[in-house]
Each structure stands twice: as structure tokens, then as C-alpha cells.
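First chain A sits with chain B, and in the next complex the same chain sits with chain C.
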Partner chain A sequence: MFNLIIFLSLLILGYVFGRMAESRHFKSILNREEQLRDILTFNERTLPPGYEQASGELVGGNVVISIDYFKQISAGLRNLFGGRVSAYETLIERARREAILRMKQEARLKGASKIINVRLETASISKGGQDQIGSVEVYAYGTALIPTP
Partner chain B sequence: MEYQNPKIPEGINVSQEHPLKDFFIMLLGAGLIIAGLIFTLTLLAGSLVRYVPFELEQQLAASLEQELVETETVKPGRHQQYLQNLADRLVIAQQLPEAMKITVHYMDGDEVNAFATLGGHIFVYRGLLEKMPNENALAMVLAHEIAHIKHRDPLVATGRGLTVGLALMSLAGIADSALAQQVISQVSLLTTLGFSREMERAADNEALLTLKQHYGHTLAADTVFQIFNDLEDGQGLPAFLSTHPQSTDRIEVIDHFQHRHGSHQGTLTPLPSWFNEP
Partner chain C sequence: MDEYLIIRNYIVIFHEVKYKIHEGVDTVILTNIEAVPGKKIVQHLGMVQGNTVRSKHAGKDILAGIKNIFGGELTGYTELLTEAREEAVARMSQQAEAIGANAVINIRFSTSSVAAGAAELFAYGTAVVLE
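Moving on to the complex of A and B:
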């Protein structure tokens, strides 16, 4: 009975704080995406026309986001039935967009307006280990093109 | 070439469904599957257990017995002799199969308790004996425990615990998550208990028939439940959480039995005079 109470409180705690953090993060992502809209990102390796003289520099953004207890239980149940793991979808989405935003932020500081050859790397911190906090790392990197004066 | 950064609509990569809805549907599904699984296993355990020979059960119990004798204070002596003697008489009244051998152990402990376990062993605590006003009340306790052994309840309970545990572990193995397992273990806690309550009722009934056969009446059969009832006061667990049916319910059942069988007249057999001496 005692275990059940602990379990339920963790679940509720995870749900409330997880939801709060998530909605706040999404708001902030939308806000900053609007501010950095003018920095264009490309996955091509070739230079866009007009940038032959620009200097290239590596920019990157790295983020680690952890799941909450509720998401963990929810995804565990999803493991039994199969289907879209919606609990993790938001997590990965947040991590990817945040990583790109941090990369763009770095490019902005360097005075660049375009980033080419953008790549995303995803890594799971816990590597599926039991009894570990599941968290995901996303690293976004690319070549910022800084126009030469 | 002209480049643009169009605004991509939200909600492509993320499902818009409320996370709680998804969660509760899955929880309900898992709960139903597990309940069904446990139900099937219990039905199977109850019917298959009859085919396990009692000798095998005794072999299984051999190590368990050793362990209990070592850890608990089992005291051979005249109490033990007396209890064994009474049990032997009740065994005849209850018409146990020849192969089933009942061994009673007297335990020097304050707990108000008695229980039957694998291999025909019955353990009775001093705490319970001290509260017994006459032999009939004690016979009810022993007859109840003997009935458990006759019905093979200890084996069913052990087997069920094992099978259910194993089934859940493999289920959780597929899930590959310690946390899913945690959810499952919480669900199974409430569902397995109901069946042992059925066993308790059956054992009560069998014990009443035994008392009627042996003494010709069932007076004082409810004494032990009155005692439990007094103990339960103040720390009452809700009925669905406790393994045993509520004492008040059991007293009612005994009343019904006495009226149906007209077994409420007779004389009580006293306990030997030395019984409550140390």
C-alpha cells in the first residue's frame, strides 16, 4: 500500500511538473524561432550563389532533455501495446528544435545569416539501461557563412 | 536563387492527443489483460492441483518445514501432544484421504494466530491458545486449518503465487522496463486476494461440518471469530484488502449454519486443567 502511494505521488508529480516544463519550453521555442527566422539553414554542402567569398565557420548547438516519471511509465505501457510513443515524440521534438535554435544563436553572434551543411546527431544518454533516467541528447551543427566585409 | 523560410505548421511531429487519455486507455488495457490472465491461472491452478500427489507436496514442504522449525520457537510438549491428538480425531471426522498426514506444531509466540502450510503442517501460536475458553473453539480453528489442507489450498496459493509472478515477470520482460513491472505489480495486489477469501469460506464450511460430525453440535464455533473481531476493532482493514473475510461476516455464516442444521444445542467440552499453565 505504501509503495502504491509513493508510486502515485511520483506519477502525479512527474505529470504536473513535466507538463509545466513542456508548455513553457514550447512557448519559448516558438518565440525564439520567430526572432531567428532570418537565419536560413540548409542541409546542402554547396555554397548558395553570392556567398563564394564568405568565410565558413563551424557552429553547433547541444541540448540534453530528460523525461519525467509520468512519460517513463506511459512509454513503458506503450511498450506492451505498440504504437506511437506520443510521450517521447514531444521530447524529441523539443530537443531537436532547441538544438537548432542554439546553433542559430551562435551563428547570430558570429554575424552569419546562413548555415549550410546542417546535421543533427541524436544520442540516448541512458542507452536503454534499467533504472536509469532516460534522457536524450541532440547536437545540431553546420557551417555558418559569414559575409566578408 | 531566392530562398525562403516558410512557417511550418505545428503538430506534425507531435501527437495532439492529451497524454492522460492515452495513459488511462493503456492502463485499463493492461489491467484487464492481467486480471484475465490471473483469473485463468487461478481457475487452472484450482482444478489441476487435485492431481498433484500429497507425497510430492510433503517433499516440497520438507525444506520449508526445516526453515520454520529453525526460525520460530516450536515447543514440543504436552500442548503439542494434546493438539496433535485433537487434530487426529478431527481428521477422522473430516474423512481426510489416507495419504494426508496432519502434523500440528505448537509455537511459543504471543501472536493470536494459527496457519496451515504445505505438507500438512499446522502451526498454532500460544497467543491464540491462551484465548481459547473451551475445546470446541480450539477444534474450530484446527478443523478450519485441516480443511485448508484437505482442499490443497496451501499448494494452490503457492502455485498461483509462483505462476502469476512468473507470468508477470515475462510480461514485464517483453516490456523491458522495470517501471512497467511496477505498474503491473500494483494491479495484481488487489486481484489475487479475492480468491483466497473463497478458500477461507470453503474451509469455514468444512470445519463446521467436521464439528457437527465430531461433537454433534457446532456451539462455540464462532468464538475464535469473536476474538478476531475484538482484535480487529480499531485497526480494521477494508474487506477487499484483507485475505480473510470479515469476522462479522463469518460469524453470520456460522449462525446460518447452526439454524439450518439445528446444531445449536449440546454441551461444551472443557480444555484440560493444565492447559493455560506455562
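Moving on to the complex of A and C:
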């Protein structure tokens, strides 16, 4: 009985705070994406025209995002039936967009206007004892092109 | 579970002994494309690499466990991995400088979990001499 109460309260806590954190995060991502819209990212390796004399520098951004308890349970239930695991979809989407934003911010600090050869790398960390994804790390990196005056 | 903790503590101690903040080599130019824009490559010196194995300490682990209930960013881990990646890159550029290169091109990063609770961060690229 006591265990059930703990379980349910964790579930409710996870649901409430997880949702809050997620909507707040998405809002801030949209906001910052708008601000950093002028820094263009490409995943091709060739230099865009007009940037042959620019100087290039490696930039990167990473983020570790954790899943909440409610989603962990709901994803576990989803495993029984199969299909889309939207809980993890949004988690990884948030992580990717955040990592790209941090990379762009670093590029902005260096005065760059374009980032080429962007690569994204995902690693699930803290797999823990139970075989489940607790948190996911995304690292985005690329070569920032700083136009020479 | 116990061996897991012992191993992890061992890694932490090992790491703390070995760990010193590497002075990044500022003179080495880093890119992840096959060229350095605006510069000409005169000589290729082969692959250079840098790695580091990191483990989070128990305090951060507990905090992360709590965060696993509420969801959200694990800033402790983010910082840890940023730092670790910087170190891997610093080691790579030191190696490049040691063989007389002044740039590293085509850099790739890779992460692998060596043991539970520890991650290896690995950076590699081609050392080149620029004009």
C-alpha cells in the first residue's frame, strides 16, 4: 500500500513537473531559434560561395536531458503494445534543438555567420542497472565560418 | 551493485589523481571539414587523437536520480561532458603540436560507455601543416 502511494505520487510529480519543464523548454527553444535565425547551418562540407577566404573554427554545443518518471513509465507501457513512443521523441527532439542552439550561440560569440559540416551525435548515458534510457546526450558540432573584413 | 560502486569510485580516484586542466593549444586551428578556409595545406602528418574517460561523482549521480523524476536538463552532466570533450580536444591538439602541425582538420567526435557510469570521449582528426 505504502509503495503504491509512493509510486502514484512520483507519477503525479513527474507528470506535472515534466510537462511544465517541457513546455517551458520548448518555449525558450522557439524564442532562441528566432534570435539565432541569421546563423545558417549546413551539413555539407563545401564552402558556400563568397566564403573562400573566411576563417574557420570548430564550434560545438552539448546538452544532457533527462526523462521524467511519468514518461519513463508510459514508455515502458508502450513497450508492451509497440508503436510510437512519443515520450522519447520529444525528449530527443528537445535535446537536438538545444544542442544546435548552443552551437549557434558559440558561433555568434565568435562572430560567425554560417556553420558548415554540422554533425550531430547522440549518446544515451546513465543506462543504470535497469535497461532503460534515463537521459540522453546530444552533441552538435561544425565549422563556423567567420567572414574576414 | 557493490562492485559497480567500487569500480566507479576507483575511476573517480584515478581520474582525480590524473586530472589536470590541460592548457588548450591556441595556435592549432581546428576544423571538421577537409580544409582550412583561406589557408593552403602544405603537408599531411597523419591522424592525431585525444581521449578521456570520465565518470560523474556520487553527489551528481544522486541529483541526477532526483532529476530523473522531474525531467529536465542535467546541468551537472552537461558541464562534465563539455569539460571532458574540451580535454580530449586539448590532448589532440597537444599531440598535433608535438609532431609539428599547426592545424587539425576533419575532426570527429565519438562517445562510448566503457563501464556503467563512465563514458569515454574521443576526438580524432588529421594533423596538417599550413602555409
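Please note the rule applied: the second predicted complex is superposed on the first by the 143 of 149 C-alpha atoms of A that agree within 3 Å, B and C clash if a C-alpha of one lies under 4 Å from a C-alpha of the other, contacts with A are read in each partner's own complex, and residues count from 1 in each chain.
Note that in this section a residue touches a chain if its C-beta (ideal position, glycine included) is under 8 Å from a C-beta of that chain, and two chains touch if they have at least 3 such contacts.
If you're wondering where the values come from, they're calculated on a predicted model, not measured in any experiment.
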With everything superposed onto chain A, say whether chain B and chain C fit together or clash. fit
Using the touch definition from the top, say if A:Arg37 reaches chain B (first), chain C (second), both or neither. first
What is the contact status of A:Asn3 with respect to chain B (first) and chain C (second): first, second, both, or neither? first
Scan A:Ser28 for contacts with chain B and chain C and give back first, second, both or neither. neither
Max touched-residue count on chain A (chain B vs chain C) belongs to chain C
Output check: A:Leu77 vs chain B and chain C. Expected answer is one of first, second, both, neither. What do you get? first
In the superposition on the shared chain, how near does any CA atom of chain B get to one of chain C? Answer in angstrom. 12
Shared chain A surface residues [contacts with chain B and with chain C]: 71-72, 128
Which part of chain A faces chain B closely enough to touch in the complex? 1, 3-4, 7, 15, 19, 30, 37-38, 40, 48-49, 70-81, 84, 86-87, 89-90, 92-93, 128, 130-131
Chain C contact footprint on chain A (complex, rising order): 10, 13-14, 17-18, 21-22, 25, 45, 47, 51-58, 60, 62-69, 71-72, 98, 116-117, 119, 121, 123, 125-129, 134-135, 137, 139, 141-143, 145, 148
Using the touch definition up top, name the residues of chain B that touch chain A in the complex. 1, 3, 5, 10, 13-15, 17, 19-20, 22-23, 26-27, 29-30, 171, 174-180, 182-183, 186, 189, 241
Residues of chain C defined as touching chain A within the complex: 1, 4, 29-38, 61, 64, 67-74, 77-78, 81-82, 85, 89, 107-111, 113, 116-117, 119
